[in-house]
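Note that chain A is present in both complexes that follow, paired respectively with chain B and with chain C.
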Partner chain A sequence: MTDVTRRAAITGIGATLGAAAFAKAMEPIQKFTADLSLDQFLQQHYRELTPDEIEKVLRRIEEETLRDRGARVSVADDRPIPGVQFGYALNLSVCNGCRKCAEACHQENNHDRPSNQSYIRVFEMAQGSLDFEHANTTYDHAVPAPGKYYMPVQCLQCDDAPCVAVCPVEATWKEEDGIVVIDYDWCIGCRYCEAACPYHARRFNWTKPEIEASEINPDQGYLSNRVRPQGVVEKCHFCLHRTRRGKLPACAEACPTGARVFGNLLDPESPIRWVLDNKRVFVLKEELGTRPRFFYFFD
Partner chain B sequence: MAAQSPSLPIQDEDSHLVTYPRFLWECVKISFDGGPLFYAWMTALTAIALVGANAWANQMAEGMVLTNMTDHVSWGLYIANFTFGVGLAAGAVMMVIPAYLYDDREMHDVVIVGELLAISAIIVSLAFVIVDMGRPDRLWHMIPGIGRFHWPISMLTWDVIVLNGYLLLNLHITGYMVYSRFIGKPLNRRWYIPFVFLSVVWAISIHTVTAFLYTGLGSRPFWNDAIIAPRFIASAFVTGPAFLIVALRLIRRIANLSIPDGAIDTLTSILRVTVWINLFLLTSEVFTQFYTGGTHAAAARYLYLGIEGKTALVPWIWTAIGLNLAAAILLVTPASRERRQGVLLACVLTFAGVWIEKGMGMIVPAFVPSTMHELVEYVPSLTEWKLTAGIWAVGIGIFTVSVKISAHVLTGRSGLGKRKEF
Partner chain C sequence: MRRRGVRFSLLVILPIIGIAGPVFAQVAAAPVDRKLHPTEVRNPPSLGTLDTGLRDPSGASIGVACATCHDPSHPDALARSRDVPEDFHAGIELHHGTLGCASCHAPDDRTRLRLADGETIPMRDVLQLCGQCHGPKYRDYKRGSHGGGRGYWDSTRGPWIRNNCVSCHRAHAPAYPVVMPAAPPNDRFLPIASDEPISEGKTGQHD
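Our next item is the complex of A and B:
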């Protein structure tokens, strides 16, 4: 063998071994690609889908939920109701920190069970301070504790939402009724929104959510509580699959103290309007100019 | 120009269809051909890259849970390296500016090394963004026309434009130079000079836009600060020259490419100033944070001193400051500044120092305490370290191979027309 051909042969063997090693190294990714159907991969942005296409997508998600998780569910696509602008207010004098709202959210919205995920976190605040530096979300004792008050925080559905502005692919936007939603099938998982949100309202699916078939809430919405895919961001959506059908969000329904007031800001007879007209309300971090739709007040 | 054409082997423009594939094939051959040292080096880099590829495949399968990031610290080592990589790419312009704006002939001869560094560093940065994504299979959602590109509102879309633009600019400039030399055609200034000048402005833009990604967020007081873009540029002009001084010395020893002393001296002069500017900007930042105090300065307190016994970043940042200060002093101390080893040591120290300072020291504190003042710390996981090593191995491999190809062609060892002058 000449020196040149021997060299070529060695190079060839080296390149082949390298390619084989690369294929072996990448093998685990099959677990991810096996989960990904072509329809899913090619699916367009929610707002570009025709009614027929949406119908197909909803049925596909139902089939996938049945196949992957063994749960029979119905996924709806509830649209904003003209003449409705949702708003929320929370009475801090009444809230006792029981976290029933967080628990209701956990169940209603098919959250990951092992992480005990919820869109609501309740801060135990020091009496005499509104500074979260002196607050704590991991309290584990009888409530209400002396010298403390409680402030539940969830997505404030800002009118000038930084999360919406920063998203590079318009996977999150504000709907006509004021709810900021996410297309879980469009989000690329860059988490820029999570960095931009001043209220820690957004959550990322660090893993594929785990939930028993028997615990899955079958009453689902495309933009709300359907079981989320791995690797995308999610957040509170004011339970739009309930509220757009005239029901209360799960957290408001679960609250035993009556601290939560939810409703249509355009309806002069609504309790939320009464609160805004008669109480001295405030919003979190007003100085940032995000214009939240979620108000707090003391009696 | 036209008067010279009879001496050229290639005259017909259409023949690029023949010569360009031959050029690419030659590039492949050079990439796989070399001495024992080259093979050992590339095998080691490939092995590290494979470890990274395997870590990424596992991360895709199991989810980002394999990183130590959380909803509190939602960006970590990947975005830290992304930021640093963009700076390194921008810093390479410190060869282009002397070569073209100041007509430094000696720098001009080796300026291609800087441009190749820019290409490699941009590829590294883009790779770090991709591995940070939860759904890289949806990357196409960003492509204008097919996906929904949220331009001009999202700063991330600006970054996509400037980074890819910078990559293309440098690929064009270096590719045109090397290919022209390969076919033995003289360079047509119109085909590269405008692009070179554009690349100078563009280099500044990539790091400015990357800074704006962070500074535009009102939610993160640590980032919401006008000094970060200037700091990024200053530290880019530290890491670029530092890397290039070491690289040029290695190339001179290993590759058969003559590196003029003047080029290295110019880079050293630049570095001698930029390390101090970088430290000055850091001092300005630290003063403003600590003298004012309050909740706004909580992240800086966490970074430099630790809060409530949580001190994960304290050793990192003080190491960075120590390294940068040592390099800065080395570079101005008469005893060491004239010695080659002294300068080389300073380069290595400050490169590591800036890597920490604008990586972990810049990204992580913005999340600790989190926006609602919760203290959740972050230390990178093994998966994150493996992926980080893998991506840098790929980048260094690209740099090695591209320098090798350029050296081969520019010194006339490969090519169709064996013209000597260039």
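Our next item is the complex of A and C:
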């Protein structure tokens, strides 16, 4: 007869159950860290990287995309153009709610396919109201519906951005050309920014984004449309991998009604300046003092 | 005393030249460093297609190009012919205010457009024709806030390729059509909305 005391048996059972419970509790983190390479874990903040280090990071992301997703992509690090301040305006008189902008964003920016995610949310509201509580974002009927108007909302690139102020790790900041960006490799996923944004412009990657290799847009930017990791926040970046090379954002090109006007606020001859000078213009929730770079106007 | 004055002014002027020189050089160099790409406007088709009302075995409608009869390279003899087959043109649906064919098309040459003062212009100058009545839209278009386009916002890097009036509007029925939207997001909380009108009492929708 072995000398197993009642005390030892209970201690043993308790220890076993405790270890099992701990392993179960740690499981999500272990799965999560399987996606995180050592190089990425040790990587510095984007703004502290030297040009050589950035080059290595870009190549690492390209290799990881090829290895994990089977897609050959090129990741660039486009910097702000000196003398350029981006601005965007949208004509509510002609927007017909067709969601072509949201669709173009979905494809351009390598969004998660199952959730049909996009940085643009189109609100259908009753004419004569600006009531987001009674707006509809998942309408699926012919547009424009009688008595309705449509307001696409994306990141407004505020000059006094609440999302930037609340980030505890400075993973999001405003660049010299006015675009608010996120270092996806520095974000800790606390979602403070998502809660702080009065426009609900930020999205959280609850799951690892799913996207077919053949559908991945290979023209990518570090701060913009590269496929995001799980557990980080993302948002509209004015397609900076396009706009910092002089091109129009994907949503502006996709708009079939010509409602979107994009350009350099510092160029007095630009269409955006003409709109701001001559149309009836407003910004969303102006009373909050966020000073958006995205304007709405009427004919 | 005089020498001191000269020395003082040199002390002041030399640093100013030192600072201002490079600044002026930059300002002067900026405009000539790149070639500007002119904005391009998409050319409208010279003549369209007429729906014959017939269908091919796959069910697609059969159209006849206007140029089949109205030769764009010759003054239009058919347009002056007495025996115009009226039935043939009945398929053209005109929903454009009170306008008729001759409001926009030159009666003697259906390959050209006619302005209100009687002058005829080629089809590609459609903006000028529509701009006669739609002044505010024409003004907005010229300033870049109507009509959209693709390409570059920065003309130092590439062209902005703009639409013309009939890229988006059908000339004979220009009101923008009702369309089905792209798919809605698969929201975690919101079902795809039904077609029921949203009443005041319904719970607010959040996502």
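Just so we're on the same page, the second predicted complex is superposed on the first by the 269 of 299 C-alpha atoms of A that agree within 3 Å, B and C clash if a C-alpha of one lies under 4 Å from a C-alpha of the other, contacts with A are read in each partner's own complex, and residues count from 1 in each chain.
One rule holds in what follows: a residue touches a chain if its C-beta (ideal position, glycine included) is under 8 Å from a C-beta of that chain, and two chains touch if they have at least 3 such contacts.
All figures in this text were calculated on a predicted structure; none of them were measured in a lab.
In the superposition on chain A, A:R260 makes contact with chain C only, not with chain B. In the superposed pair of complexes, A:S118 makes contact with chain C only, with no contact to chain B. Once the two complexes are overlaid on the shared chain, A:I54 sits clear of chain B and of chain C alike.
Once chain A of one complex is fitted onto chain A of the other, the partner contacts of A:E133 extend to both chain B and chain C. Within the superposed three-chain model, A:F22 lies in touch with chain B and out of touch with chain C [touch as defined at top].
In the superposition on chain A, A:R191 contacts chain B only, with no contact to chain C. Looking at the shared chain after the overlay, A:K100 reaches chain C, while chain B stays out of its contact range. Within chain A, the residues touching chain B in one complex and chain C in the other are 121, 133, 135, 137, 200, 206. Those residues of chain B lying in contact with chain A across their complex are 32-33, 39, 43, 46, 50-51, 53-54, 56-58, 60-65, 67, 69-72, 74-75, 129, 132-139, 141-142, 147-150, 153-157, 160, 213, 216-220, 295, 298, 366-367, 369-374. Those residues of chain C lying in contact with chain A across their complex are 136, 140, 143-154, 156-158, 160, 163, 168, 176, 178-188, 190-193, 195, 198, 200, 202, 204-205, 207.
Those residues of chain A that touch chain C in the shared complex are 81, 84, 89, 91, 94, 96-100, 102-103, 114-118, 121-122, 126, 133-144, 200, 206, 243, 245-248, 252-253, 255-264, 270-271, 274-275, 278-279, 299.
Taken in their complex, chain A has these residues touching chain B: 7, 11, 14-15, 18, 21-22, 25-32, 36, 41, 45, 121, 123, 131-133, 135, 137, 153, 162, 165-171, 186-192, 194-200, 202-208, 229-233, 288-290.
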